[in-house]
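Every chain is named by a letter (A, B and C) in the order it is written, and numbering of its residues begins at 1.
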Amino acid sequence: MLWRAVLTLLTAALLALFLLFITLPVASLFLRISPEEFLSSLTEPVVLDALSLSFVTATVSTVIVVLFGTPLALVNARRDYRGRELVDTLTDLPIVLPPAVAGLALLMAFGRRGVVGQYLDLFGIQIGFTTLAVVMAQVFVASPFYIRQARASFEAVDSLYEDAARTLGASPGTVALRITIPLAQAGLVSGAILSFARALGEFGATIMFAGNFQGRTQTMPLAIYTTMQGDMNAAISLSIILVVISFAVISAVKIVTRRKY
Amino acid sequence: MKVPTPATLVAICLLMIAGLLVAGCTTTEQAPETTTLTVFTAASLTGAFTDIGKAYEAQNENVKVDFVFDGSQTLRTQIEQGANADIFVSASTKHMKALQDGGFMENSTVTPFLGNSLALIVPVENQAGIAGVADLNKPGVKLVIGTKDVPFGDYTRQMLDKMAADPAYGQAYKDAVMKNVVSEETAVSSVVPKLALGEADAAIVYKSDVSKDDLTKVTRFDIPAEYNVVATYPLGILAESASKTEAASFIAFVRGPDGSAILTEYGFDPISG
Amino acid sequence: MLSIHTVRELRDYVLDVTLSVRSGETLVLIGENGSGKSTVLNLISGILTPDRGEVTLGDRTLFSSEGKTNIPPENRKVGHLFQSYALFPHMTVAENVAFGLRCRKVPRPTIAFSVANQLRVMHLADLADVNVGRLSGGQRQRVALARALVLNPDLLLLDEPLAAVDMRAQGAMRSELRGRIKNADIPCIVVTHNLRDALELGDRLCLLEEGRVVADGTPEEVLSMRENGFIESFAG
């Protein structure tokens, strides 16, 4: 009995130790800045520009990922075709690629002398150093988070509902829009939230492919990295905002996925 | 498979901790007579100091030199946050001064040892047709500089201020140049690749940042001396260094004939002490 | 009148079924699990495609391998009730019943009228706005039937229509179902495991064995074939 109590105590201690390891650095961010300093740095242009740019680009990226990713995930969940596994692997690839590789790859493809970029350049279209480049970097790294989740959610929908809808007069498109997507909704929403969060946190590919310019390509993570060289308070404030958003995102995903039919 | 009981889990954790402790002990026992010097070095010195480190280790078998290369501001922040280092090599006197004021440095050892100046670089293709700083205000030139908080970005702004004060260029020139800036980089190391890939048309960097290899990809233009800003690189031993003797010996090597030769090769101007 | 001749290679055997059902007639399909009963329904409603053969309903050809015709399921006008009813879980009772009409772009007021009417006939009016997850087995069965009948299908396919209904309610549901089928006056195929279903709903009985019709006749005729092992156990 005593032995058991000791074990329970030890397990609890190990758990507490690990929790401390995770929470201490995060909590330290909050302890290193006074509420007044936090609020005043929120009004600084570099912080405001980064906040609005991050939200706009992450939102646009998420919309693009959802628009392109949903049909792809649906096809891969429902149709068996040659090369499906390969398509799956390719769409998953950015999850395991280091962001630096993603940035370099985007440069090689869409840079001014890139495989595609050199032809765009002939028409005067240059992607590097623009907000579009930020969005492209975010779409590249964030899309697998949505597509994976979407495919799993579509696979979880019983195809019997789709068959029933067909016999009731629904075309394949109507079935997707009125049956499959609504039934997979919880998973799709949580996938989109995760994808948004990943886009918001994107750093490596962005700084390589889009550069670093306040108000145009300097998103929150880039602004944190830049302001750290001068205005530590701004860097901490931006970090705190990202911590709060990340916490909210995880909570949102938990709440959304709890609802089940 | 059986679900492991809490007891098993605890046992596994304890074993792992014990393993780590043992591993930790053996490494410290293994190297009693080898000293490791940790040198926090400004990113612009990456090439030169890597070579110097190798040359030094070749002559001093009992010393291992570990470099941490990053922007001077980042290194300063790390030192202020308690990072363990023996030597700090800064690309600007500002950050060294801050550490000295904060009591982080062994003040008597801090000394300027290197000069570096700004240069203009363009890709060898030179698609924007730039022949010198006078062309930087041409509309559509994609210019890359450093952020205002990193030394090479700070010096670039000082240089543009000097040019703005000269009636030959004027404020309008400076405004037009700043309007052409497409990216503000935090480290020089990420500037040259952007030019080499043709993403940007021009950049203002330290002369020393352009290596011999880089000259196959970019062309370097000197900036007239009257506008140029010469950076002084200080170095010094940290107050909390545990190997001050070895650190002093390494600094002497850097400033001696072998170190100076390598630094000159990389485009720096060693200041003799 | 429904006439089918379908051949399709399945995993364990080749399904080869020829059947015809007159309007107002109910054919009951019986057979072991895996004998191809549900597959026959899926081949008729278009969820599965035969390798070859022909499916005609009245003067319409739904499928013909020779004529290269394959009407997609949504245009076949076949009411198909699945074993578990497949009610759409994200919709209310009324929305489920309205689904087919909305797919056909019927004007909204007409949909509202038809749905209300159908729900009243099926004794479901009180449940119109209830989510289908809260319904009993019998209620679900009625919703599924209402959802199919509101479209005035030319053919009704029922897969184990009473399997999910409470034992005590099965008797009443069965006679109600029989009434609905007779009212609709269209060909109807019922797949069942239940002797009472076969006797009360069926005008004709068909026994399927490994994808082939081995007996076809009145319930009395087929059930008297005691030399067949399945009939032996089925008729108890």
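Keep this in mind: contacts are C-beta pairs under 8 Å (C-beta built on N, C-alpha and C of every residue); 3 or more make two chains touch, one makes a residue touch a chain.
It should be emphasised that the depicted structure is a prediction, and the values quoted were computed from it without experimental measurement.
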When you take the mean of every protein CA atom shown, which chain's own CA mean is nearest to it?
-> A
So which chain is farthest from subunit C, going by the mean of the CA atoms in each chain?
-> B
Centroid distance [mean C-alpha coordinates] between subunit C and subunit A, Å | 46
Subunit A and subunit B, separation of their C-alpha mean positions in angstrom | 32
For subunit B paired with subunit C, centre-to-centre distance based on mean C-alpha positions, whole Å = 77
What residues of subunit C sit close enough to touch subunit A in their complex?
-> 42, 45-47, 72-76, 78-80, 82, 84, 86, 88-90, 99-100, 103-104, 133, 147-148, 151
Which residues of subunit B touch subunit A in their complex?
-> 6-7, 9-10, 13, 71, 73-74, 77, 142, 144, 147-150, 181-186, 190, 194, 197-200
Of subunit A, residues touching subunit B in the complex = 7-8, 10-11, 14, 107, 111-113, 126, 128-129, 207-208, 210-214, 217, 225-232
Quick one: in the complex, what on subunit A touches subunit C?
-> 158, 160-161, 163-171, 174, 178-179, 182-183, 185, 261
